[in-house]
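What follows is subunit A paired twice: with subunit B in the first complex and subunit C in the second.
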Partner chain A sequence: MKPTTLDARGLSCPQPVLLAFQAMREMGSGHLEILVDNEASQENVRRAVVSQGWTPTITKLNENDYVLRCEKS
Partner chain B sequence: MKFFKKILSKNKKSKSSISEKGMLLYPSTGEVIRAETLLREAGLDIAVKGPPPDLRQGCDMIVEFDLMHELHVRQILQTAGLNPLRIVPVHDHLLEPVSLFNVKDFGDYLMVRAANMKITIEKQSQRIVNISGGGCPDVPYLAQMLVGKTMSQAPEPRVLGQTLCGYALQLAFQEVKRLCPG
Partner chain C sequence: MSRGVKNILATTTGIIFVGGLIGVVAAWLQQAGNPANMAICVACFGRDIAGAIGLHRAAVVQYLRPEILGFVLGSFGAALVFKEFKPTGGSSPLIRFVLGMIAMIGALVFLGCPWRVILRLAGGDGNALFGLGGLIVGVWIGTLFFKKGFNLGRSQGQSISAGLMLPLIMAGLLVLRFLFPPIPGEAQSGVLWYSIQGPGASYAPLAISLAVGLGIGFLAQRSRFCTMGAIRDVILFNQWYLMFGFLALLVAALGANMVLGQFHPGFEGQPIAHTMWFWNFAGMVVAGLAFALAGGCPGRQLFMSGEGNSDAAIFVLGSLVGAAVAHNFGLASSAQGIGPHGMAAVIISMLVLLGIGITHCKR
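Showing the complex of A and B:
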């Protein structure tokens, strides 16, 4: 099943976190990919998804960008 | 008549040069925060401020107190093993570390920024959803300890923080409590 992708690049904190919360609430469970463009956002979003019981796997795409592949069954 | 005027103005001048406030100088922000907490708990009227330029060592802070209570202050700090490096009378206007809050409403969420620190809560549940900003080493720890907890469950940042960021976060935390008293 194709994951839902959320592009939070270009947004400043706390907006990536708030978008992630909105997506997690709407989805309830499943696969969610979140793109961010700085380490602070990556860290903040990771903390947010973990606090909601999702498990993130983080990949650094290039110098700035990260993708958090999050799962909840 | 002129003579009296001269004396009065002289007296006025000398009165204004008498310092009524003192400041406690510490080597680290963590000690300033601990001293502030202790003195506030003792009911003393104190304030945390930025030091004057000649006493500044970095991004440091001092505790301003009423010199009339110096003995009491010294006793409290000594009992707690928190003796300051120096106690100095305040002669200049001291800087307030944070005097303005920036509040942003994101609909279901509310963000308050104090200086360089932001705290965001979900309005309905009062749950802390994000802590960001800083540049101090204790920010990730503070975020780890606070995110996911409600405002009533969360420990006060001043208890955990050791830096100016922790102090700014405490102010933002208090402002959230004031805005959303639960």
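Showing the complex of A and C:
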């Protein structure tokens, strides 16, 4: 199944986390990809998905951007 | 820099350490000469800086506070070292300027930023309970807007000079402080204004203030310490990470004040505070909502400015202008109570914030 992708780049606190929570609630489980463009957002979103039982794998795409590939079965 | 080192302060232990350290240092700064129960209040010190450069002429609150300059420069240093300096901006700059103004006006009706809410509580000032209540209500109103899709728009990458602007302004102010040091008994030294009496005349030695500012700026950039975010994240997500820093600041400052004999519980006669409970509450509702809509308490805005975030920098400049307006127009409170136009300021500010909130909701 194709993962759902959220682009949270350029959004300020707390939008990335808010979007992540919303997506996790709607999906329940599965494969969610979240793009962020700074370290602080990456940390915040990581804490949020872990708190909901999702497992994130974080990859740095370039100088600024990160992708969090999150899974929950 | 290795990743292990990089994230130590962005853990629960890390933020408790940073919050606790700020609390202890704040208590100690009062011993070193800073005003009682103020120590490192971002709103009060921003207001003092506005006075020092002549934006307002309230004679008792004029001092170019090195702590604030240090916050930005320390965060700038941390962002450079850890490769997080990133010039961004362009997310509703004028709205952010107005949010900065209103945040400062609300904070000066209460007489303190969220840091000072905590530090006043830690010093035994019961009036700060109403400020804390107002802060929580203000942030809670902000979360209602977030749930309705409130968003000031995406920021974009900007030129290096845009990101350097506020750190350079702060460095420039620091140069002025070295060029024109205070002269005992004189209200002016070169282009800078100084208080001869009042809170603006209470300050720790330059080296101590600057070192504390730089140190806290560095650590807070790493840990993302934010008092508004602490309350917001608990209400919105039940996430306690930032709240641990908030609570650590309170507990550490309380403990240090006990040890140093600076804990004096009561409501009357508290340092640089008034007892009009409703306006203590309402001022902080306004400030709390403005912080929430802008995405950070005044301290966090300074730290983000150091990371090259010009949206935060515009909030900071707005807050300096807000401080000037608050004193020039009689909106700011004093130990005697609210200013002659403090009530009007709170009401108008609240209406403006609600207007900004409603017009930026998607759904």
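One rule holds in what follows: the second predicted complex is superposed on the first by the 73 of 73 C-alpha atoms of A that agree within 3 Å, B and C clash if a C-alpha of one lies under 4 Å from a C-alpha of the other, contacts with A are read in each partner's own complex, and residues count from 1 in each chain.
Here is the rule we use: a contact is a pair of C-beta atoms (placed from the backbone, for glycine too) under 8 Å apart; a residue touches a chain by one contact, two chains touch by 3 or more.
Fair warning: this is a prediction, and the values are worked out from it, not measured in the lab.
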Comparing the two partners subunit B and subunit C, which touches a greater set of residues in subunit A | C
Which superposed partner A:60 touches (first subunit B, second subunit C, both, neither) = neither
Of the partners subunit B and subunit C, which touch A:21 in the superposed model: first, second, both, neither?
-> both
Tell me which partner A:38 touches in the superposition: subunit B (first), subunit C (second), both or neither.
-> second
Touching A:10, do we find subunit B (first), subunit C (second), both, or neither?
-> second
Subunit A positions within both the subunit B interface and the subunit C interface are 13-15, 17-18, 21, 40, 43-44, 47-48, 51
Residue positions on subunit A within touch of subunit B in the complex are 13-15, 17-18, 21, 40, 43-44, 47-48, 51
Could you please specify the touching residues of subunit C with respect to subunit A in the complex?
-> 7, 10, 82, 84, 86, 88, 91, 146, 151-152, 154-157, 224, 229, 232-233, 236-237, 239, 241, 295-296, 311
Residues of subunit B defined as touching subunit A within the complex | 106, 109, 111, 118, 120, 122, 129-133, 140, 143-144, 147-148
Of subunit A, residues touching subunit C in the complex = 9-15, 17-18, 21, 38-40, 43-44, 47-48, 51, 64
